[in-house]
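Structures follow.
Two complexes, one shared chain (chain A), two partners (chain B, chain C).
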Partner chain A sequence: MPKDFEAKTTGIGAPMKRREDIRFLTGRGVYTDDIKLAGQTYAVIVRSQVAHGRIKAIRTEAAAAMEGVLAIFTGEDFKDVGGNPAGWLIKSRNGEPMREPKRPVLAHGKVRHVGDAYAAVIAETYEQGRAAAQQLADDTDIEELPAIIDMKAAAADATNRVHDEIPDNLCYDWGWIEDNRAAVEEVFARAPHVTTLELVNNRLIPNAMEPRASIGEYFPGTGDYKLTTTSQNPHLTRLLVAAFVLGIPENKLTVVAPDVGGGFGSKIYHYGEEALVLAAAKRLGRPVRWTAERSESFLSDAHGRDHVTKIELACEKDGTFLAFRTETFANVGAYLSNFATVTPTFLHGTLMAGPYKVPHVYVNVKTVFTNTAPVDAYRGAGRPEATFSLERVVDQMCRELGLDAFEVRRKNFLTPDMFPYTTPVGLVYDTGNYQATLDKVIEMADVAGFESRRAASAAKGLLRGLGLSTWIEACGIAPSHLVGILGARVGLYDAATVRVNATGNISIMVGAHSHGQGHETVFAQVAADRLGVPESSIEIVHGDTSKIPFGMGSYGSRSLAVCGVAMTKAIDKIIAKGKKIAAHMLEASEADITFEAGKFAVAGTDKAKTFGEIAFSAYVPHNYPLETLEPGLEETAFYDPANFTYPAGAYLCEAEVDPETGKVTIEAFHCADDFGNVMNPMIVEGQVHGGVGQGIGQALLESTTYDETGQLLTGSYMDYAMPRASDVPFYNVDYSCQTPCTHNPLGVKGCGEAGAIGSPPAVVNAVIDALHRGGHTHIKHIDMPVSPQRVWAAING
Partner chain B sequence: MELSDSRHIAARPDIVWPAILDPEVLAACIPGCESLTGSVEAGYEAVVVQKVGPVSARFTGVVTLSDIIPGQSLTITGEGKGGAAGFAKGGAKVSLSPDGEGTLLTYEVKANVGGKLAQLGSRIIDGFTKKLADQFFENFAAKVGGPPPETDSEPEPETEEAPKKGWFGRLWGKKDAETAAETAEGGDA
Partner chain C sequence: MQNFDFVKPASVAEAVAALGTSGAQALSGGQTLIGSMKQNLAAPAVLVSLTGIAALKGVSVSGGVMSIGAATPHAEVAKASGFPGLSSLAGGIGDPAVRARGTIGGSLANNDPAACYPSAVLACGATVVTNRREIAADDYFQGMFTTALEDGEIITAVRFPIPERAAYAKFEQPASRFSLTGVFVAKYGAKVRVAVTGASNDGVFRWTDGEDALQASYDPAAVKGLKVSPDGLIADLHGTPAYRANLVAVMTARAVAAS
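Here is the complex of A and B:
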């Protein structure tokens, strides 16, 4: 941790330990599956074993007659309710709206991927439910149809269709920015040098530690419903279930997301099981619970990434960038998950200028339906794909032209005097200093000493390489006015209520949901700092739509930059109200009241009231002038950001490759990030560690493999390699280069996704660098995961 | 998964051919077969119990014989549903030709698995299929032609994944499957 941050013990900038960890680490967290209810019943989902098939018959009689079975649901039960909608309308290059097939609660007519839910059994016990689900599976006739797995083949095939009504399996063919296409083509036609790479951004399975789980309750006396669920986004889930799927009035549905054990994007979305347990609870008049088995998580959680991209870079011979052009196929899976359409488009194409002053960019994305699990945003969401393409092609260009990878980036960086800067892909970067983070990482990594470390590796028969990635992201999602223009069907503001209780302690209800990020600590730190009260007097309440004014959830590194700002706006209102109360109590003019370090004082006097005295007075208003001063001390604020925030940084990976086995070992990983102002450096470091760990997992280990019939071959931890402690190095993290965000009062930018965005290209660049230094100069690229098998094959190919 | 192999049977093709069409012979030779009923014309219904790595299942399914050229060749196609374990389907193209005093039986096997079998067992399915096919044709050769003489060397396995005949190979093959089973059960809890 940089020295400046170690000294503080409280408030903004202090490396305070996470208060929530005490309950997590002592087994006292309360997750959805920990909640037991009187009269509860168990839902077991029946899932397709084939990737594509027509449901001919589901004979429910035998299963229904089994012991303990209370109800059976099939697609037929939900055919008249709404589908689970996509949150973003994307238009194709020709102006046509995207194709948007209905995503039903349970599959009806056809099953479209292995794991597609087509029926459910509700039973007294889990075991009885499982037995009946088995019977139901045996009593179901599904005519298997040819599976559509390969994206490019799917887009070319007019006969074999994932959705009968979509002839070419294409959701949309998007151009960004279409009007710039001709100009970009012209640049390429006359460019002195063009570098081309074909890249696969491998499909990832999120693998949150806690599998998805949901409990539905119905209260017949009032007609109220309650859904307890593993969500990053309880208000959006309430909106989708209420307004789109089941038609429950929004004020009759409470959604609670209690402790949630990781999401990484996969728990942003509403899933059919949530609507199912609610509908079943109403039919039975009893609580209905469902918890995914790990196998179900592999098959049915929204996956991430899965792009195939051709990227071209046009440049001068000295490495000055002239244009980027990409053609990407993005796999959306069998149905549109809630953010599936925006992830490969506006969260990806708009980042295709990177931190560079490149004048021309054109991005084409064809998003394709296949008979695989739905694909949606996963930590970074579109931005890792953009960064990987850019940083790989820049590295390759340097190699082709014999240029220095550090100097080429430096030459092309936007400079601090250029902000605010409008990119050719539609964003306005507010601030940044990319040279500073690059300089920092070079210093941290002792690049000057690399040659001697390389020689030491070589003496052991190992190849050592250095891989650089200079990344930027647009996060703090998102300004509603902008996303509205771009097709979003929601606004992306957030909200908070600050309730000062009569005894002076404070409850703060925030729309952001914490599922491992440490909000309960950081939000309390920020509020304590602003109010001049101890953190211990502040409780952060999240994840319950009945308590919280509204919220758009946690994802896109938005919690602090959007919801945290909403909280500070509500605190500003509390202070303003406190000044009114103080003016009344101190018999002074409101304009003369100052607030500092938890005290309201009359300027220039020693007359003051503590925060606690003001709070007590607000609830015991014996002599308030009621026409001008309301009792109570509670304020709510909504905050809609004016722009995205733009964290950026420089990552350096130092890797060793064993040419005999192809094994890659990451020897060191250095991160110099600019997250703007840092509220809790310890938590920031933890987020970077986690993100880089996931990036290393993607780069070296994780591979989601479907066979040609659509069977998931990597559906367990025996087959899907997650990164373990031994696969990652001790991280060297710095965040002292700070250009505070210019448009939010905290000056924060967001740090949750950075590691997963910046690290994969650094790892692959390091491997390619090591191989080239070792004389294997025929190797242009190795697809992720860069497994020993692939490295060995490349060396010996 | 595809594999092909051939095997010498110490009986003439005119003895071997009717045996391969005989449900009783088939039932005795299919590893783990609990029952097999039916006829060449109508196809057979079979119940087979197998353990693939971590996944145990009773497969019920149909077996059909097609492309029949009497005395020479036929295609055996089967599809078995193993309930929660998933499903397996595949086929073998079998041809017979005179081989000295006996018959050379050549087979090309194609197999696919789905559901949990694919999810948990795909790593070992190639070896498993090979083992199953070997066992079947070994049983068949023994039943029809009598046990192979001591000196009769068995054909070399074509793929690296094929189980080795030595004790070392068997030990490792067994150990892998057991470890996998434990991991799968633990992971799924």
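Here is the complex of A and C:
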């Protein structure tokens, strides 16, 4: 049901409407493809139709002679520039570094997945480019090689190789924590009960509403480049394309990510098309633009998930957890996308203790190359996979031992007095109260009334079930010292500049990038609250490397918890400087100046200066302590947190199964989340809705299917099932259980991925529960997506 | 998409003439054809729009027959009165945008094996009227994407004898939301016809075992337990032949219950 938000209308905690929605909803956003430039040309990419093949010849003459064709690029043109690197070095159990094949701008020598870009045409018009691209495809000889698709088979395949130099298609074989392996095995050997489940975490295609697009420009007068692109992460893209791939000095390249229509992870990464349009713009001396068609998005955006996992839970007969052990195969696709190696490892293995006081955990992940599109972080990235494995095996254990799923979780939860708590998989949870969110969700869902709802369903011939998931995640992806130890090749701080203009209004340049999240609203709220000025006087500027100091972009639910804190630190510097100016103007000592509600005052007096007066004085420094203080009012702060943040929560799904057709309907979905302090409840709620919607999509609908030759069978919306409004219920969302993050001054944790992390196991647990209550007790598990035919087959199998 | 010429005639005769030019193809709501052109699966040189021809549009009921002009969009059929079973079928096609443009003539000419209308046409024994002749439903559908239409022949209208009781029960394919298996049941006195779409490699078909059972007893229970052979049924990502066979009986029972 729609919620009555509290009456607060401004500042932290107010459910302010998103200021960006006006332009988005009225078609006045400016996305990359909306930008038209004089003299622009069009790039059309030629993509492999086969999953695996050796390029024998690309005969460019006929295409080059076609009307409007300006240039043709092939892998040959880029063979001497750098590859698109992996951002994270993972080491195998035996200490060897992961295998890192070069990821070229355009495939050279071999094509490695359907959709792999191996050539590009630049033409005066899009139609001319497309016609020439077709010609070029016809004039290319590719010797087809056997496709390597199934990841387990790939890892065992000694003869077929995705990369000729990688013998067993294995990127790495990672153990976490390897030194604990023997102890965990010991626990399993003597455990009173062991539950085992084999699970598939289905591959997902991100399907951002706006397809990827890039425009390259080159300015011969200065030698400067400009890349306008659909990025969640413009500074990282600048670093990668400039320093790693093309060898352009970073100061000669500006990257702009204007309005971006969704990313869900897929636009964190640098893609070859970005390097291509820059190189082509330089060669032609004209802007070069490229926008993916929807089919290209299906084939070439980084996909998500794609794990096959065996999880075991060792426990006492009363359900007390003793150990978790997993063996996972993770499909990384044909090349390493930028965060592909960390997603199945440190974003997954470190969460395998859940919110539980389990003493022993061991995680093994074998990451495998296949002839499929690259796989990388997708909303939740690793944590949904961990949560799914844990919450499914816990439910299964309860079923095997005849225990109550609520009580078993409660019994194993860490308790509030145990924080800070070091998990057996290397994280330090700072705070939490998992009992509180569980109690809350039980109340919200009217669990007590479930039996009568179930009976009502049964009267209609339908099976009703309840599914619980108590999840935790690590987000606010940051601490550089920590991620550095774990193999990151970048730091993960963030930055903001607060520029107070002479007239008192404020521009805030933030490193976080908003592509649908509503940062422009929330960051302005937080700043307004701290400065005591109206939100309307604040502009949030993001997505332009020439304007913002630096940034590591938005993903890992880090924007507010990392960049938002950088902003508040910069604001604190503004206030500190303002106090100095005020002290001078009010002829008081700096220590006596207070700042509250937008006023600098001398404590205990009515002498005060408004924020605007101080700003004016900073820029018109007639009465100003120039000997000791610089004029102007602009401050920058970088912030590198001490730890991750740990949102957690309890989700309950109530589902109905139609046993005749196998169709699952979500009747209710309840979320009790602990996000720490909440800056804007409406936006938090929206983030949960979106995340749960994606989780329901994964659980019930979305399947990425390659056939054995590597053709993508689900390459359009005719076969790739996206969740629609009719597939989801009215969500019941609560975030009143708050244990504020202990190490950032806002006390925020991050809410962007929670829904996608916590919901899939709740849905699947509800379906299995419904089936068992309906007497279909032979069903142990159904792989996602839990589609009608799978449910029906399970019932009748 | 390739470039093309576009003509919008005002009469059937002009349309037929225009379709005589080389590379010409009829365009109705474009909900199938434009998509195919975007994917370069179709590249007509001339599109002959039928939606400007007044004679091809509208719904009328007289003497127990509903006549629908070939260029009538689904949305209009959905709100017509006189044949609720058909209106509800039309109201369940695609989404509002598709229903606003897509037409019955286009749907029947295309004869997608998962389309909804063919089941109603076949179950009702409707008549497909063209610029040349009248074609009985039993002769019209000739397999997936194949019909009795000849080159240059255009559908002008479809005439449905309105059944005493009828309903369409559609089980949606999860991605496309076309029918994974859809069943139209139509009862005319003692006679019952059951037509199934979405399920068979041969396109829409009559489920005669179901018809016999319902003629004996017009009750969902009459078909519920009936076994349907999976032979010849479609196998794809969304359903095995066995799954579709189950759905034929289940959806027939549901159509009977809803009729």
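Everything that follows uses one rule, which is that the second predicted complex is superposed on the first by the 790 of 797 C-alpha atoms of A that agree within 3 Å, B and C clash if a C-alpha of one lies under 4 Å from a C-alpha of the other, contacts with A are read in each partner's own complex, and residues count from 1 in each chain.
We adopt the following convention: a contact is a pair of C-beta atoms (placed from the backbone, for glycine too) under 8 Å apart; a residue touches a chain by one contact, two chains touch by 3 or more.
Computed from a prediction, not measured in an experiment: that's the story for all the values here.
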| item | value |
| --- | --- |
| Touched partner set for A:Ser452, first chain B, second chain C, both or neither | neither |
| Partner chain in contact with A:Ser703 - chain B first, chain C second, else both or neither | second |
| First, second, both or neither for A:Ser536, with chain B first and chain C second | neither |
| Chain B versus chain C as contact partner of A:Gln789, first or second or both or neither | second |
| First (chain B), second (chain C), both or neither touched by A:Asn251 | neither |
| Touching partner for A:Val114 - first (chain B), second (chain C), both, neither | first |
| Partner chain in contact with A:Met718 - chain B first, chain C second, else both or neither | both |
| Contact residues of chain A, present in both the chain B and the chain C interface | 295, 713-714, 717-719 |
| Contact footprint of chain B on chain A as seen in their complex | 49-50, 114, 130, 134, 137-138, 293-295, 298-299, 707, 709, 711-719 |
| In the complex with chain C, residue positions of chain A that touch it | 127, 295, 660-663, 700-701, 703, 705, 713-714, 717-722, 785, 787-789, 792-793, 796 |
| Contact footprint of chain A on chain C as seen in their complex | 3, 39, 171, 174-176, 180, 237-240, 243, 246-247, 250 |
| In the complex with chain A, residue positions of chain B that touch it | 81, 83-84, 86-87, 112-116, 118-120, 122-123, 180, 183-184, 187-188 |
